[in-house]
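Consider the two complexes below, in which chain A is the common component and chain B and chain C are the respective partners.
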Partner chain A sequence: MAEAPGKTAPAAAKDDSQKRQKDMIGAHFAKLARAKENGQKVVYTFVPGNLTELITALDLLPVLPEINALQSGMRKKSAVYIAEAEKAGHSEDVCTYVKCDIGMLKSGNIGPTGERLPEPDLLLLSYTGCFTFLKWFELLQQEYHCPVVMLHVPYQPDGVVTPAMRQYIVDQLENEVVPALEKLAGKKLDRDYLAEKLKLSAQAEDDLVWVWESARHKPSPIDGYFAGVYYIGPIFSAFRGSQDAVDYYRLLRSEVQARIDAGKGPTTPDGDLDDQAVRLVVEGPPNWTSFNDFWHMFSKEKAVIVASTYTRVGGLYDLGFRHDAADPLGTLADYCLGCYTNLGLPSRIELLAKYVRDYSADGFFINSVKSCNSFSAGQLLMLREVEKKTGVPGGFIESDLVDPRYFGKANIENRVQSYLQMLHARRDRSLSQIPARTTAGVQGVLS
Partner chain B sequence: MQCTVGIDLGSTTTKAVILDLGGNIVGRGITNSRSNYEVAAAVARDEALTAMRFSLLQRALDEAGALGRAMDKPLGDAFRLELYLVELTALQREIERLLDQPAHAKMRDVLRPAASDILAEMTRTAPELFAPGAERKSDFFRDIAGAVFVRLAENLCGAPQSPVPFERLVGLYDRAILDVETRMERRDFASLLDRAATRVVPRDPAGDQLRARMVQVGRTPIAEVAFVGTGYGRQTLPFPPETVRSEILCHGRGAHRTFDGTRTVLDIGGQDTKAIQVDGDGVVTSFQMNDRCAAGCGRYLGYIADELSLGLHELGPLALQAKKQTRVNSTCTVFAGAELRERLALGQRREDILAGLHRAIMLRAMSILARSGGIDNEFTFTGGVCNNPMAVKVLRELVIQNYGEHITVNTHSSSIYMGALGAAMYALDDHRQGKGGMMPMFAQTAEAA
Partner chain C sequence: MTPPQDIQRSPQPNGRGNDPCATFIGRARTLFDDKALDHVKAWKAAHPGALAIGHMPIYTPRPLLEALGCLPVAVFGGGEEVDIIRGDSYFQSYICHIPRSTIELALSGTYDVLDGMVFPSICDVIRNLSGMWKMLFPDRYAAYLDLPQNFNSSIGGRFYLHELRRIANDLTARGALPLDDDRLCRALADENRRRRAIARLDALRRTDPWRCPASEAYLLVRAGAGLLAAEHAELLEGFVEAAPRRSGRPLDNVRVVLAGSFCEQPPLDLIVALEKAGCDIVDDDFQLGLRTIEGDINEEAPDPLAALAQAFLDQGRATASRYIDKDEKGRALIDQVQAAQADGVVFAAASFCDPALLDQPMLETALAKAGVPFTSFKFAENNGQFQTIREQAGAFSDSVKLWGAAH
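Right after this comes the complex of A and B.
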């Protein structure tokens, strides 16, 4: 039955792992709030190509503005922040993560837990595949007057990483990034400590990959996109390389194992999705301002997302990469080069096609966001190519990351429904017996 | 007789198509969507059921020989006249009711006789509207009656020393028609038919016999066994989930059934534009729709028609008279309106600007078509906008220009019904699979009938 307009979908029930994650994040933001009084230095950086182990090995605290922006979107604060940034002269066409962050800054820099975020002591531009990142930190530098360290990461147009590309990054790390971080920390980098952290990273990564790949089961015990964004929370933010992250992923894995044992699907806004009618792969970031509504559009139609590329923006671990304690800077270079948004279109097409095949998906769906050209450029071409390679149909909608003005619920729901019904109709085609053209039995009013 | 019903609740019009269990189209109906989808759905379905009964009737008339065949057209016109008179009575009742309200206390003595005279004249002259050869610009009661009411009101109020204010009188009509339109009244087909037959069938033994046969056919029980609703309004109406299909699927399937070689369908409706690719079975393989903005849809033309104080149906023919095509840059509907006014002020011809506006809307459609995968061979244009000859002409040119001479471009006089046709086909599928659903309000009226 059609739902009353304006009604918002409920959030999915929380698992223990999610509660644990909330506590971890709460503790981190509490640490950030007290950073200045405790004399701790703060480094702002980005999710793709983040050098968390390096930052935390020097006892520096990371802040990830993208995550703050998406959190503001989920907490319904982004519209006000974006308006604030537009008042300050940023046009409607600027990435809304940037505007949300600038607006938050101008509104007192209150983070997702309600506590004030500390100003950065350093801006670590760890990944340059997104041109907007450069501009974003230029803007923050003007606001905070702090140093910026840039790590230039070569793009992978054809999916090949050459030794020269790798060495180029290692040299930058050795000669620029590490010295800058050491200077800020006031101490030398303990490379053994860094290696220990990288070892913990690899342990957590093993469990995360296991969780992702659990979606090969039928029914899938996880939702690899909407629930997936929670699963990647710790490892893509401040916790990679920590025991906390290792413990979190062990707990998550045990929960997923329990679901597999019980033949259960994931928890969704519509309850446990055990009866799964459609398995989908999704490309593109979610919309954060109507996150539960967007999820509900799929879960109410019994569609489960078995894999997504967005959950790989912070690392493509399921293609085999693990942080390697034996080669700390080299492994960080490999990590930065392998970011999803650092891949050219052919590699992204291959990856989507692989997910469709590996996870026995019935279709794939693209959420093309206005703000993010790193994701959106070429997505229509990807749609056609993945269709050709896999033979399964793609769906396409347009929305945005955190600007609620670009999420037209009725229109998007119409497209999602149409797409899912198209999948059903294609499956049911053999049942359809109506002749393609019939001669009307009676004429007159019909002509 | 058993049948399935498909209803397409568009933002501007609501369409219904009825199929018999062999998949043949046996009736269709259309009405304006008003502000009330529930009434619109019921009216469109009622129209389609009426058309279906006429289909049956026509068969009976054919079997009845020369007299029966001769009655076909006059009977249809007489039936429409009877329907019109029923609505006119409802309008009269509603105007009387409004006049009793305190708001009209001061002017009541002036307005009541004026309205009464106009309605009496409308009733007296109603047969002329449905006489052989009479042309009607619309099939909707609100348009036909509105035109006559306004003309008579102009005459009456324009007379020297007339105390009747034109705006108040027409305002009365505007208010009353809303209620008349949104009230659901069941029509008794057999008695309406009987009255219509009395008007046209000769009063002799052969005529009496024919009339009796007509009434008998008019009372044939019709059983609706499955229903599917589609279109924008399906979000608003409480359709049971099993009876809902997306308009993408329905338009694709309806268009494919009408032109079975078609693999690409463009549907331009009131507020969205859909480019749909279908396979050899008419099942959708991919689609694209306008996102974020409804520029370039039917409403765009509606807005332009309002700006020029023209009827929607007048735009296309006028644009065809263009001597050159003015370049219109705005794809935003409101800005296009501003551009129109500016160009008119610069002295450019209305026809030329209109030609440019039609091109602007079709360029938007071409972009959506390209996004959906383009056109390979046969292409079908559906939706309300394909009733506009200039829109069809421009689209045809652009398709040939972009995709080559070999492309077959189809349009059909019934293109507006494609969504409802596809919906009725899905209802038939459901019925054949033993899971046909009914909309509760239709199930009740079907039982009552």
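Right after this comes the complex of A and C.
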């Protein structure tokens, strides 16, 4: 039964790695708060297709507006920020990350640590997998009046990277992006230093992939979606290419190894999820304004998320990509091209089906967010196709990233619960050797 | 649904008979109403083996398709006549209307006449629609065309040339003619002729809006969706040459530029409603694709494909899906207002249209700074009621006339 509205799920207990991450992020925001007085230049950019190694190799500080927006959502500030942006003329129909960011800016630009974020000295528009990015930085340019450098990353409609696509990115990096960053930094890029950073990136990526793939164990020692968003924090933000990130992922890996050794599941809002009744793959970003409530809807039903596509928006490392120090700009191009939302729908469907198979999932669930057409347009077809390819049933809900008006808790909880109960029943039938009924019609019930 | 009765019943804009333009308007109207694409079927029957290639808004380089012996067919969704049954089951409620009516028409067989579809980069919805097309119609050609956002010819231009050659090679492999410089030069010349004819039409709208209301201009341009450029140019030229013989008189309307309708198209009745509310729409971005390139493409260049690509880089019209790298945001719209001697701007964006709606606050800021009045509303291609919009436009028109400003 759905819980009474207003009751909030407890937060999951924190592991040492989470505390380490919190310290890292806190230190980064402290640096940002002091950036202007310390003479450090600040580059705003986006998570998919981020060029963190390049930015930090020139001693520039990255700021990622999507992360500010999602943290505003988790801190219950986003509703006010969105209202502020809508009051200023931004449509109710468009991305709430953008409106949250604009509203935050207009409300003093106070970051997640309570300190004011510095204004950008440069907007690095990594146009990767999301059309809205382009408009977002055009909007910020009007607010900040700072230079913008564009990196257009071609889309992969057929799941194939052609030499022309790769060359296009390398040409932009070589001729436009690197010169713009060098000009801002006031020095030339040290390509050996960049290569060193890329080596560190690859080390962290190895451990991250190991952590992701640990979910193949039964019970899964991790939650690959709700906890997964914490796991990707350092590598998708300011820390890829740093020793801090390498150390963080080594620590995380050791914690996950310890859980595997002890036969334990992940820490969730309902405590350790050792007894896992249902294994799920999830497509789509989480809702941030009711993050714990949303997680609780799954964990209380003993459902563990074994893989998710959202955790791959900043790089599909589990398909084999690693940053390659031998070809710095080429590897950055490959990285940008391979981000999840830069893939065509057929590739995304294949990937979801692969996750269902590789992680022995009982079902897959789509959280379709209003704000993100890059993710959401086509998800109803994805639902049908993944069902066809895997034979496991899909569930579907609609919510939003950071606009609490679009998270109807009771309605969503009813749908999640109906879906999970159906999976429980399906599993029970399977265990008792009764032939499973067809999954057709599940979508009709749930959406 | 009987749109637009005014156009059908009034052979002259102001209601007088013996309209010298009636033939041209009638032909345009027939093509507009041909939702079954019978004219495309007729073209294919007359050109055995040739391909008809659909394309979504905004911009697809049609001369390339013509040079390959193909008929380019601009697809604008279902408009107001199509009942959406299956299309809605593919899209959530917060996604615009054009992809659902496009899917509806495709599933119902309307687009069976098309041998392929090109999905140019405009937004994430159309981009993802290209993938849906591949899944739903695996036997038909579907290409995503990544238009460059880098306008340096040795960077974005080089990439774009690869994109154009890729599509040409794909189509040739499916039966189109091979890419040939002479044919491409002729196609560029035809496209230039069409573009000049549209420019003459636009000039007529600006000087004598009562001789060419926007609702008629819309039909005349839209008629080219499934015509070769030369044939479309002939239609437009015929109209423009006949229009000065039309009787009529200037109306006491405000002159407005309409912005935001470059992809999903408003119902024709909505355009008529704006006119009835006292607005002469003297410029717009309806069905922008045919007007994306400003000025002639170099039809005598030694490498006509490079000329086609270069025209997009250097002469591409500012719009929401094109990154504005050098110019001030909103400058192009202000220039448009000034060139058209317009009194204000009407923003008419499709509901849930990311490019238009994300762009709009920036354009509004630029207009406010320049002292240009504006008003805004949203529509869907299947809207059937325009009373509120008509009242809003009427109030805007009155306020501009009375006080010269509406905000």
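Simple rule for what comes next: the second predicted complex is superposed on the first by the 424 of 447 C-alpha atoms of A that agree within 3 Å, B and C clash if a C-alpha of one lies under 4 Å from a C-alpha of the other, contacts with A are read in each partner's own complex, and residues count from 1 in each chain.
Just so we're on the same page, a residue touches a chain if its C-beta (ideal position, glycine included) is under 8 Å from a C-beta of that chain, and two chains touch if they have at least 3 such contacts.
Keep in mind that this is a model prediction, so the values were computed, not measured.
Under the stated touch criterion, which partner chain does A:142 make contact with: chain B (first), chain C (second), both, or neither?
second
Examine A:98 and indicate which partner it touches, taking first as chain B and second as chain C; both and neither are also allowed.
second
Between chain B (first) and chain C (second), which does A:421 come into contact with in this model arrangement: first, second, both, or neither?
first
Using the superposition on chain A described above, determine whether A:319 touches chain B (first), chain C (second), both, or neither.
In the superposition, A:319 contacts neither chain B nor chain C.
Touch test for A:411: chain B only (first), chain C only (second), both, or neither?
Once the two structures are laid over each other on A, A:411 reaches chain B alone.
Between chain B and chain C, whom does A:398 touch in the aligned arrangement: first, second, both, or neither?
both
For A:380, is the partner it touches chain B (first), chain C (second), both, or none of the two (neither)?
Both partners, chain B and chain C.
Based on the superposed arrangement, let me know which partner A:27 touches: chain B (first), chain C (second), both, or neither?
neither
Looking at the overlay, what does A:132 touch: chain B (first), chain C (second), both, or neither?
Only chain C; A:132 stays clear of chain B.
What is the shared patch of chain A, the residues that chain B and chain C both contact?
Residues 380, 398, which sit in both footprints.
If you look only at chain A, which of its residues touch chain C in the complex?
Of all residues in chain A, those touching chain C are 88-91, 93-95, 98, 125, 127, 130-132, 134-136, 138-139, 141-142, 148, 150, 152, 154-155, 157-158, 162, 164-165, 167-168, 171-172, 175-176, 344-346, 348-349, 368, 370, 373-374, 376-381, 385, 398.
Would you tell me which residues of chain B are touching chain A in their complex?
Residue list for chain B touching chain A: 20, 22-28, 51, 54-56, 58-59, 72, 76, 232, 234-241, 244-249, 256-258, 260, 272, 281-289, 291-292, 371, 373, 425, 428-429, 432-433.
Can you name the residues of chain A that touch chain B in the complex?
Answer in residue numbers: 1-2, 5, 380, 383-384, 387, 393-394, 396-398, 406, 408, 410-411, 413-415, 417-419, 421-422, 425-426, 428-429, 431-446.
Considering the complex alone, what residue numbers of chain C touch chain A?
That would be residues 89-95, 99, 121-125, 127-132, 134-136, 143-144, 146, 148-150, 152, 154-156, 158-159, 162-163, 166, 320-321, 323-325, 329, 349, 351-355, 357-362, 364-365, 378 of chain C.
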